[in-house]
Structure formats: C-alpha cells, structure tokens
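In this document, chain identifiers A, B, C and D correspond to the written order of the chains, with residue numbering beginning at 1 in each.
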Amino acid sequence: MKVKVGINGYGTIGKRVAYAVTKQDDMELIGVTKTKPDFEAYRAKELGIPVYAASNDFLPRFEKANFEVAGTLEDLLNEIDIIIDTTPGGMGEKNKTLYENVGVKAIFQGGEKANVAETSFVAQANYENAIRKNYVRVVSCNTTGLTRTLNAIKEYIEYVYAVMIRRAADPNDIKRGPINAIKPSVEVPSHHGPDVQTVIPINIETTAFVVPTTIMHVHSVMVELKKPLTKEDVIDIFENTTRVLLFEKKKGFDSTAQLIEFARDLHREWNNLYEIAVWKESINIKGNRLFYIQAVHQESDVVPENVDAIRAMFEMADKWESIKKTNKSLGILK
Amino acid sequence: MKVKVGINGYGTIGKRVAYAVTKQDDMELIGVTKTKPDFEAYRAKELGIPVYAASNDFLPRFEKANFEVAGTLEDLLNEIDIIIDTTPGGMGEKNKTLYENVGVKAIFQGGEKANVAETSFVAQANYENAIRKNYVRVVSCNTTGLTRTLNAIKEYIEYVYAVMIRRAADPNDIKRGPINAIKPSVEVPSHHGPDVQTVIPINIETTAFVVPTTIMHVHSVMVELKKPLTKEDVIDIFENTTRVLLFEKKKGFDSTAQLIEFARDLHREWNNLYEIAVWKESINIKGNRLFYIQAVHQESDVVPENVDAIRAMFEMADKWESIKKTNKSLGILK
Amino acid sequence: MKVKVGINGYGTIGKRVAYAVTKQDDMELIGVTKTKPDFEAYRAKELGIPVYAASNDFLPRFEKANFEVAGTLEDLLNEIDIIIDTTPGGMGEKNKTLYENVGVKAIFQGGEKANVAETSFVAQANYENAIRKNYVRVVSCNTTGLTRTLNAIKEYIEYVYAVMIRRAADPNDIKRGPINAIKPSVEVPSHHGPDVQTVIPINIETTAFVVPTTIMHVHSVMVELKKPLTKEDVIDIFENTTRVLLFEKKKGFDSTAQLIEFARDLHREWNNLYEIAVWKESINIKGNRLFYIQAVHQESDVVPENVDAIRAMFEMADKWESIKKTNKSLGILK
Amino acid sequence: MKVKVGINGYGTIGKRVAYAVTKQDDMELIGVTKTKPDFEAYRAKELGIPVYAASNDFLPRFEKANFEVAGTLEDLLNEIDIIIDTTPGGMGEKNKTLYENVGVKAIFQGGEKANVAETSFVAQANYENAIRKNYVRVVSCNTTGLTRTLNAIKEYIEYVYAVMIRRAADPNDIKRGPINAIKPSVEVPSHHGPDVQTVIPINIETTAFVVPTTIMHVHSVMVELKKPLTKEDVIDIFENTTRVLLFEKKKGFDSTAQLIEFARDLHREWNNLYEIAVWKESINIKGNRLFYIQAVHQESDVVPENVDAIRAMFEMADKWESIKKTNKSLGILK
C-alpha cells in the first residue's frame, strides 16, 4: 500500500517534491494546492495532478479564470496520509493546526522554526530521529548543505566557522534585489550555525551575506580539527559521502554557473543539482584547520530529504534503504 | 540509410544540435570536436559520443589530461556526410576550406557572414532554398526569432522597426559583462535588419542594446502594415505559426524568467525553449501599426533549424515533413 | 525677498532638489520631511537643514532614536511659500488636500497623475504654462528626457516611436529586482507616450522594459519626419539644446557606465547628470526616419525642472532667465 | 619646495591619486600618462593637467584624434621627482627599469608582487618603513582594508581568518563578468593573507570569492584572540582608528549600496569612501573569537596611502603629521 501524499504550496520546492514523489513506487501523489491559477497550476493540471485551492479565500481567483479546482486544502487533507508543507517561511506554523485537526502527519521546511516539529531532519545525519514521528522539519537548503559535509567528518570537528554567500532570489523570483550590492546579515554569528545544531551536535558559528545572483549559494567552510586529517582523507571521505559531489576547477568548473551547466548537461529536471558540490581543489589542511568551499542548489537539495522523511515517518524503510531508493529514483549520482 | 553528421565545436549550440541529431531516425551522430578536455567533453564521452580534437594543436591538452580522443577534426571529416560548424563567430569561414577539401557539406551558424554559404536559412521561411545545397547558414538566434514571426505576417508588412534588448552573456559564460550598465550598438540601424533580409525580403530596420542578463533576448517589434489586420487576426496567425508560442502575463509570465521557468517545468533538456515566445497581451494595433513583444532563448531556438537544414541539403524530406518530424522529436509544442 | 521652499520627502529626488534650492540666490530652503531617522536624516541635520516628521504618525520613530525634529509637515507648511512633494508615486495626490488647506503652492513629481496639477512641466518646452500656477507637475525622468530632445525637433515630427529600456531600481534601493531577467510592460503602447503629450502635443507611442541595472534609463528613439532633416542638422540642433549633451563612443562612451563615470569625473554631487545624454554616432537619418539613442540619469534630470517650476509659479524670472540661472548654479554644461 | 609628481596610468586609481596630489600643499602634479585619448584624457586636459603618451607606441592614437600630448612617459620622467605607477597589475614591474634608468623614485600598486619594491605600505601600520626609500608598494585595496582594522588590534591577534567577497569589476569596466554566478578562488587559503603579512606580521589566512557587483568588496573577519577583548573595547578601538568608520544598520546601512550613498551624500568626489566601513552591529565576541564585517571601496581606499607614501619617501613629514594632512585635504572624517 502506498503512502498518500499531498503538497501544500506548489511552488519552487513544492513542485520538485511533487515530482519526486511521483518517482517513488511506495508513494502516491494525491494533490497539490495553489493560491492562484498561474502557469504552474496549469502545468500541474496538464500532468494530471489534482489542483486544490490553498483555502476558500483563493477560490474566486480560480473561478474568475475558469480554472476548475479539485477542492480546497481541507478536502485534500481528508484524502491523504501526509502533507508536505512547502508554503512560504512562517506559514507552516499557522497551518499546523489544520493538520493536527485532521490528524495527518506533516513535513515542514526550513523556513519554519525548529519547534514546529518533533525533529529537524537531514536523512544521512539523523534519519532515525524521524521514525514514526508525526511532525518533521526538513531543514533549509543551506543547513542541509552544511550538514551533509560536516556530518561526514563530524568526529574530527572541534569547531566550524562557515561563511555563507547566499543567492538573493530564486531564478523565477523577479521581485527581490539587490541588483548591485552585497548585503550582510549584521547579526554575527548568524542563525545558520544554531540551525545545523538542530540536526548534529557540533560547535559551529556562521556569518551570512546576500549577493546579486539567482542560481546557487556558496559556503566557505573552515574547520578546526580535534584529530588529524589529511587532504587526501577528506577527499576520500567526501567521495564516499552520499549526496556530495566533488568538482574540479581544472575541468572547467570555475563558478556556480558551470555547476548548473553540469546539471543541465545531465538533463536533470529543472537543472536540479540535488548533491552538494565541493570544489576538490579547495579542500586543504593548514595545521589543524581544514578548509573547503561548497555550493548548494537552493531549489533542489532538500527534495530528496522530503522523500526520505516520508519513509522514516511511516517506517517504510531503514535509513540506507530509503536513501538508496530516493537516490536511484532521482538520478542522484551517489 | 542515415546521414552521418559531425559537430565542429561542442559548446552551447553544438551540444544541443548533437543531442537533437541523436533524436532523429534519419541521422547518425558520428562525433564532435572539442578544443579542451573540460566537463562538456567528459559528458560527451559518458554519452558514448566520440570526441575529436578540433585540430592537432589541441592534442597536447587532451594528452596532458589523459583524455583519449577519437582523432582530430580531419579524421572526423573523413567519416561524415555533413559537418555542423558551431565554432565561435568568424571561425566558420576559416574552417570552410577544410570542408571543401574533403568534400563534405557544411552548415554554418549566424556568427558567420552570409556569403560563407549558398543560402541563409530559417526552415519555415525558406526551406526550399537549402535543397541540395552544399553550404547553408542557419541565421543567428535573434534573426531566427524575428524571421519566424515576421514571416508569418510578411504579406502585411510595409516596414518593420525592431528594438533588440540582448542578453550580455550565456548562462555558463562568466567572463563577459556588463554587470551594471546598458550598452547600445551605436551603429543605427544595426546589422540585424539586413540579416533578416538574407532570409525574407522585407523592409526592416533595427537597433540593438546589451543588458546584464543571461537568459533570453527580448524584441520590441513595430510593424507598419500595408493591409489591415486586427489584433485578433495576429493572435490567430501566431497561434497557427510553428515554433511560435503565445504567453499570457495574466498566467504569471511577467518576464523572461518565467518563460525559462516554463521550459524547466516541461523538463526540457537544458531548459531549451525552441519556440519564440510572444506576449499575447503585447499584441496590439494602433492605426496602421502593429506592435508586439517577443523573447528568444538564444541557446536553443536555432537547434531545430540545424536539423531541418540537414534534411533540406540531402533532400530527405519536404519542408513540412521535416519541420513536423523535428518538432515531434524535440517536443516542440507546435 | 526669497521664496521659502519646503521639501516633503527627503529621498532620492528630494535631497537633490533641496541641494539645488540652496544653490539659488532667490530661494531659501526652510525644511524637509522624513518618515524615519535614517542616515539621510542625519546628513540633513549635519547640513543645518531643519528636519520635520512627515506626519504625527512617524514621531515615535524619531523619539525612539533621540532624533530631535523641528516639527511635523503641518508645521513646515506654515512656514513656507511652496512645497516640493517628492513622496513616492501616488502619495502626492493624497497630500494635496493638506497643501490646499494651508494655501501653499505645490510642485508634484511624475509619479502622480497629470490631473493632480494645473499643468505638467518641462522648463524648456512649456515654462510659460506654469506661470502663476498654484499646482505644477514636473514630469517623470523618462518623460523629461524624451521631451527635451523631441521638443527641440518638434516642428519636424510626424510620429515618434520610442522604446524605453529602464533601470529596475535606483542605486540605493536594494529591495527591487529583477536580478537576471528582462521585464516588459505588456500594455503596448505604454503610458509614457501619453505622458509626453501632457507637455508637448506630438504624435508619440512607446514601449517599455525593465532590465537589471541601477544607473540610467536608455531610450531608442525613431522619428518619422514631416520635413527633411539631415544628420548634421540634428547634431546641430541638439548641440544648441539646453540640458542635452552629445557623447561619442569613439571617446570611450560605450555604455551608461561611462556616462556616469563622466559625471563622476566632473565631481558632480551624487554623480548627477542633469543633462540628457545622446550618443552622437547613433544619430542617423534613413529616408524620412530619424534615429537616435539617449540615456537618462533617473536620479537627477528632473532636479533643474523643479527649480525652474518654482520661478515660473512665482513669476520670478522669464523662461530663459530661469533656465540659465538654474544651469549656472548647478554646473549644467549648456 | 614641492615634490614633483607624475602619474603613469590615468585610470581608476591614477586619476584619484592625481586629484589627491593637487590637494596637497607640498606636492605638485606635473603630468599624467594615457594610452589613448578617451574622455578621461580630455577631462585631464580640461583640468589643465599635462597629458603624456604612455609610450611612443601610443602616439599614433593621439595624433589620429588630434589630441596634442605634452610628450611621452620618458619626457614626463625627466621632469619629476617621483612617479606613481598606476598601470594594470604586473606592468609596474616592467616599467621599473625605465624609472631606475632615469633615477626617479616610484610608488607601485597592489597588483605588483611585493618584491618590486623595498617595502609594502599602509600608512597607519608601517609609515616608518617607507622613509627615504626609492621604491614603495602601496598594497591592494583589500589588503589595505584588512590591514587598517587588524593593525588596530594586532596585539590581541592569535590568528585571523577572513573571507573576502569581492566585486567583480569596477563601475566603469563593462567587459568583465560574471553577470549571474559566484566564482571562488579555489586556491585555499588565498594570496590575500600573505599579502597582509608584507605589512604586519600577523597569523592570517583568507579565502576569496568574486560576485556580480561593482561597488565595494566585503570582508567577513574572524579573529582568534590571544588576550581578552570586549565588544565595547573593539568599538572603542575602531572609533579611534584613522581611516576606519563605524556604520549602523539601524540608521539604514543595510548593504554596500547605502555606504556608497553615504559618500554620495557627502558629495565626495567620485563617491570616494577612503575609509574602511565596519558595520557596528557586526562586531561581536564569542569566547575567544572576535567577529566583524567590513566593506572596502576598491576605487579609493588606497588613494591616501599613495599620498602618505610620497611624504615618507622624501621624509617630508612624520607619520601622524602626514596622515592628518592627507586626511584633512581629502575630507577624510577621522
């Protein structure tokens, strides 16, 4: 029997998770919600995905456009086992009451505070914590990215300092700037460090900056080691870490642009790069400090996490069984 | 028997044409050339495409990287019926001697001058002109875009004035600016108008500007009509024009960003938007003037043209037979 | 006796007009309003300019920051002869009642509808229309730019079609995008043509686009002539038109970036380029059509217009007397 | 008697240093060199600055444009006591032979290797080292920025790790990208750390990234302290450090855009922000680690350093006498 899944908020993350769910043989996509009948809504319909209004308030928009909806969020909730809440940050908390009332499980995203759920989640780091839980929070794209690589070396970590150079807006978001400036988060350290600690208990501090690009975040990571590691060790560890890929500048990976081009060359849907991209040449050890630089595709790296979280919450598979299944279904390289 | 095709220059256009060729049942991709063993070269190899060095001069680069090539361009030329020259603008003319010496047909791109070939080419406008020709030039992305829509209404055209707002660099080209400026071509009218005239004999003048974006060109088109047309007529004509699609702002197509998102939502390879995108609401008639705004995906709109040109040059199909075959193979919507 | 001037809204335009007023020997700057005590407010204070809260509602913000204000807008209105309303578009209309109640004259900006005032205004085109008026609207930066050059050749104009490539946000506005897209106004023709007609009665249609740059707008202008003109005539006319400057690409003016660099090299305050910049090489005649390309510094071109409008409204000088006085005081080159 | 100064390379840095020299009562600007008669050359002429061709090779360019030069670099060298070499990175080394032959002193910029000169130089850190020297290197904008703040706290420094988020191109450079990508220096640590060590002997490592902005660099600095410091101590130290200014986000300094706006509001020539801008709220201590974020105006922060270097090399003033004189002449706030 397949788990029946609904998506609340068919946008950048929602549509990718919906797609991923349809690729799983143990899940069934029952429907998605939209607040307006835009081209994403029409595309869902073309794909045969039932589209629900995100609430009664939005029905007039659909009626005005003669876009027939399958009902509203409440109707969808009655037909599913679990809802993936991919609404804008902060709304998930408000929606939770609805989910509790109907008694469906729910997965929230990283825009919510950690206490919205019973556990925060990155599959390869703490899959076990989500087993049989009703409410799980998949952490943000940046936190997922940091967690994937840091978890792989966590036994060596004394202290981490990571600087996050963030894309200002997603590719299809044309409202946000800046167009020509660098914007720091002046609260130092930033909230990203504590967010990693909701998944793995490491000593970490971060600072964050927004820059005028749309395609990927970049992290400059510095780790103070408590045990010796060589550069070759780290390369070896990352090469054996799922959802982490090494890229070489000498093959032309000069910037985030070529990382996205790599995903395009693979014909990945929406040029998704589910894997965290680490520049191989950037990995270096100086004394007891390890340095590396990684990039995060903010639109897609959390997608496999949502799929794995579903499996954990219904105890449908153990950790590595789920990760492998998800990876295979999405073409994740390792 | 399939036509044997080689690609000289496996870059932005070359890799897309190579892919398109592999989707045709009457063509066979024999090999592609590269000047260096970058990730595109490795990807070609993964796909089982033989990679040749673009000349002897580049062999040391491949040897240094232990990248085994299938030979050089000259070897490739000996195995094929036609070469698609997708080298940087101006190099095609220099390469032509090589092609002539071996006696292979050749298709050049819009970066070359018109006189490099026997005819310039946009399939729906002048397929017939390329029949049995040895040298054909597929015109530039911008000229292809203008020609597709203007050809559809050419009997109504007294005069066209088009302003071209051009993307400054392709997504994976990080070397070119500007980052924060608008750059006019001060030669007014620009060379784009005469280039359209190499395909269809209309009275057209253009001006051109470069702006800091990577994803699409946009054209503001004004047509002085010699015969009356209504807005509805134009919508009807464009709806019945192959490789032209109408997009509505009211469905959320606010900018070029959403057009690319549409292609991503379709899971088009490399988010190719082979079709010229016309904003439906922008189509308007005031007196004897028709206005419309269109966008051009500079990385892909010429790809189907290259495929059709091959068929014309070997007289493998008539015009509409070829266009339909190409459209179907690439998922072009109409 | 000097005219007592207040500025409602000390932002991008307001602070420049305030500065310009202080440079006039027949005007006195009494005070400016702010909605919050940001660095612009502190700078005003440093300069000895009295700062008023834009309304009672904003007082708590100033109190919280221990920023002493001179009063509120209502207090300022009681001390002045004229208010320059440089509030965000659409607010001027709401503010007008306040001005009427106190009986001060008011100048509005181009973000307001034309009917907010008795006349729309560009000094060199229709100074006379503002004489003794109580409410005048200085038109937008784009309309001012079009009017300056078109007014100079208006007797030759049969029809104008102008394409406006607009900067998306001002340099110090980091909230607005797009970061990587071109956004058309799909209403074609756009509202800019009718706006020019509020100043000069010419036949004009326009289309408009927003692009990711912050520094200047660019216009591609095409004019159908009713009387012959040569390229040299046009150059001569523009060389003799106030607040219009010709720039040559051959001297390195390749883009809007170098135009701003020119203003920086002049040590203009805020790199103001009050003059409309026409690329000399872009001026061309083909048959009965004149083409040219111009750029508009959106932060400053309307500043001298505000000063001249004050003089007209108090009949302090005739047209050319005022224009010359303003030009000299601001270092406008001609 | 005034020191006679020449500038080799009247570009972004050269024209600012030239301007600064004219503001000193103990220096005289004799002339500047250009490679072509662009608008910067015409501006120099307007200002009465003699313009020399950078070499004989460039004379034809000037002749063709009927731009009369005062001679060539060699002529200039014969009339001066010291040349400021502001040619593109790497050229200074080649030019040095010319300077040696004539026996003029020379100041090089940060694009040169340290060994081009007898000492690297940041006035407030090591003015004494340049006294009576013949060849001095003013370090790069980034190195100058790091040195100014780190020198102020150097006795507390155990180790520094700084991440540099660099502007990709200067405002008037429209040739360089990226337009939409983040580009890391994959050599980790980057060369910036060792460059600081050419001025002050601290333990420092850096990583560096290029992002699509033109206006300022930003540094995220983390310092491991060897002695306790409080946040208030650091604020106090920076408030008492010359050429360093504290900016508060709460006053609206949200990004680099507002820092430049601050300089524009001051009517600084070319919006120069000679001072390093530290965000006050970003200064924080966690355990033995100090964090702060600063921004660097790459076009101007090294300008006062060049002036001070001249004084040191001719022993015209002691350190603080020179710094104060330079600061006052340029309007540097403290």
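Quick note on the criterion: contacts are C-beta pairs under 8 Å (C-beta built on N, C-alpha and C of every residue); 3 or more make two chains touch, one makes a residue touch a chain.
Predicted, not measured: the structure shown is a model, and the values here were computed from it.
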item: Interface residue identity across copies subunit A, subunit B - same or different by half; value: same
item: Subunit A and subunit C, separation of their C-alpha mean positions in angstrom; value: 46
item: Gap in Å, rounded to a whole number, between the CA centres of subunit B and subunit A; value: 35
item: For subunit B paired with subunit C, centre-to-centre distance based on mean C-alpha positions, whole Å; value: 42
item: For subunit B, residues that touch 2 or more chains besides their own; value: 171, 173-174, 178-181, 183, 212-214, 254-255, 257
item: Pairwise touch network: line, ring, star, complete, or other; value: complete
item: Of all residues in subunit A, those that touch subunit B in their complex; value: 15, 36-40, 42-43, 65, 171-174, 179-180, 250-255, 257-258, 260-262, 264-267, 269-271
item: Complex interface listing, subunit D residues touching subunit A; value: 161, 163, 165, 167, 178, 180-184, 186-189, 205, 207, 209-216, 218, 220, 222, 249, 254-257, 279, 281-284, 286, 289, 291-293, 295
item: Complex contact set, residues of subunit C against subunit A; value: 168-169, 171, 173-181, 183, 212-214
